[in-house]
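Here is the structure we will look at.
All chains are identified by letter, namely A, B and C, in their written order; residue positions are counted from 1 within each chain.
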Amino acid sequence: MWHGHLGCVFTGWKPVPRWGWLSRTIPKAFGFEAATLQRLRADELACYEADVKMRVAGTENKKLVVEGLWRNNPIFKQVLGICSTLAVTNIVLNTMVMCAALVFTLSLSAMTVSILRNLTPRNIRMMVETLIIAFYVIIVDVLLKAYWPEMSGNLGPYVGLVITNCIVMGRCEAYANANPPGRAFVDGLFNALGYSFILLIIATFRELFGMGTFLGVSMPFFSGPYWDKWIIMVMPPGAFFMLAVVVWVFRTLQAEKEDKAQ
Amino acid sequence: MIRQRSWFPIAYMFCATAFFSSIVIGLTYLTSDRVEANETLALERAVLSVLPDVDVEKMMRTEIHNTFTEMIVEPNDASGSVYTARNDNAIVAYVLRMSGQGFWAPIRGVMGIKPDRKTITGIAFYEQNETPGLGAEIAEMPFRSQFRGKVISSGDAPMKIKRPGTTLGDSEVHAVTGATQTSNRLEVIINTALKQWRDESVK
Amino acid sequence: MNGMSQLSYAFVVFISAIFTQNILLSYFLGLCPFIGVSREVKTSFGLGLAVIFVMTTTSMLNWLAYHLVLEPLGLQFFRFIMFIIIIAAFVQFVEMVIDRLSPALYQRLGVFLPLITVNCAILGASLFMVIRDYSFIVTVGYGLGSGIGWFLAIIAMAGIRQRLANERIPRGLQGPGITLIIAGLMALAFIGFTGVLQGS
């Protein structure tokens, strides 16, 4: 007996699908033995197919999460799209707002591009993608100017530069164009989150070492008399060095994990 | 099929642009009042903060606006291009606006000057985006409080910003440590505004 | 805005855009192709020249578009879309022209042109030009200076990386890691240019 996800039950041998892509991709992963589906009744067959679809979908979503956050992390693996945000990483609060803007833009743009993907003619698809991304970015810019003007001034032109950010464009072009809206949203969301958590690490160190505060609050040891503030952390070279260290650490961890897995 | 027609891409682009643009335009229109109000408030707060005997930190939005309208007179022929702060018909101070290019973005601020047109009552900034912890320190009290009581000199450089650690004259203040570029630019901004006012007053 | 004339201000902006306010080393714009393409001096040279050309012309075009079209209509927030469209259209146009006029030049430079459209430095230069409210002649100085500054940075990086090609670099640092450290050292060095010209 075999219980599927939907609570339906199969009697008899564990089935092996015999149609097209299912027979190529499923067998080993689900540990099926060589038996045929002809032993299943019609309702059992329907149940089985739905079950397989859900398992595949589940792994697909989980795959997106892992890819976005770790395996294909935009910053330390792909090293893309850092230009627009590195400048604001000297203060954690600014970085948080910038990353929130990026999460908002990337996930919603990916979803919108995906919704329109069947309607958009091939030859103008890049222009349409740019239009959609610019739309969400302008919304963020307008809302910041109205409700948080100091932050809008702090972020300066870098909010607008999210439009040309290679990650946003890259995910829309590579993934959202060919996948359903839900998946595109998840992909965009987790790529942006993977990007954000690295930037927040960089920002934490820069603000802590360079100004002795975190989120504007003075930290015990770092703002005291025994710590000479590392001014370089607040200036551009500090951003480069910090990013290099973060890339080094995470890539080494990743390489070790991959070595161990083999 | 409509999608195969040759005019479809252009029509599609046009419709998409129109759709997204109208949402953006609508949003901008809805928030434009608020954006203006924010900018006015920043200016008013800065102007009030350079006046002696006025404590801006304790005031709410509406109080700032009311105090501003009560005390401040717009630039007119008598004062030149500066605001005049009056209290019961006596001039409390002149408030000079200055603006110019900083390191990252424009710096805009105000400087309060006593009726003798020489002594400074204070300086404040309502728009600056210099490096936090470095150039941005010009907007903090330690730097700003240096200006109180300083005298505008009549030479070619009304005010000087000097390296920290040097002895200061009556027209000189210390720069922010490590923020050479911002300090240099600020000096130019202050002197340009002061010289312009001086030239106007002479006429 | 300043006491000096627009032309001398343009010159100061030009010099500072190359050295003290280098668009790549001080403002972090244009990093993706910088890290990706800077392995060899030859390719970097081609890309750098293309960037200089595109940056100067698009800054000028964008200034015209902003001050003659968007401002009078009160549509400043459209500048993002408008600038990108102008940049993309201009690059497309240049690609066609080069291809028509000189296939040899196209072989050397033309392949970089699509790469430039997504170079944030180009859009960034125009956005800074708007924020700082430069006049036209100053914008020319700024665009040209930023382009040359970017070119200088990528050539220097390529030269250094070519020499490092045979060195033993830790695994995690290979590629982008060491490039970023070099970039940081270059940024540090360029800060030393502060004050080389009065007002820069």
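Odds and ends about this structure:
Heads up, the rule we're going with is that a contact is a pair of C-beta atoms (placed from the backbone, for glycine too) under 8 Å apart; a residue touches a chain by one contact, two chains touch by 3 or more.
It should be emphasised that the depicted structure is a prediction, and the values quoted were computed from it without experimental measurement.
Chain pair with the larger contact count among A-B and A-C is A-C, by C-beta pairs in contact. Averaging the CA coordinates per chain and comparing them to the mean over all protein CA atoms picks out C as nearest.
Here the CA centre of chain B is 30 Å from the CA centre of chain C.
The distance from the centre of chain A to the centre of chain B, with each centre set as the mean of the Cα atoms, comes to 40 Å.
Chain A and chain C have CA centres that are 29 Å apart. Each of residues 77, 131 in chain C touches at least two other chains.
Residue positions 127, 131, 138, 142, 156, 235 of chain A are each in touch with at least two other chains. Annotation for chain B: residues touching 2 or more other chains are 24, 28, 105.
Contacts from chain A toward chain C in the complex involve residues 79-84, 86-87, 127, 130-131, 134, 137-138, 141-142, 156-157, 160-161, 163-166, 169, 232, 235-241, 243-244, 247-252, 255. Listing the residues of chain C that touch chain B in their complex gives 1-3, 20-21, 77-78, 131-133, 194-195, 199. The touching residues of chain C, when paired with chain A in their complex, are 25-32, 35, 77, 79-81, 84-85, 88, 118-121, 123-124, 127-128, 130-131, 170-173, 175-178, 180-181, 183-185, 187-188, 191. Within the complex, the chain A residues that touch chain B are 90-91, 116, 119-121, 123-124, 127-128, 131-132, 135, 138-139, 142-143, 145-147, 149, 153-154, 156, 210-211, 229, 231, 234-235. On the side of chain B, the complex with chain C involves touching residues 21, 24, 28, 99-101, 103, 105-106, 180-181, 184-185, 188, 192, 195.
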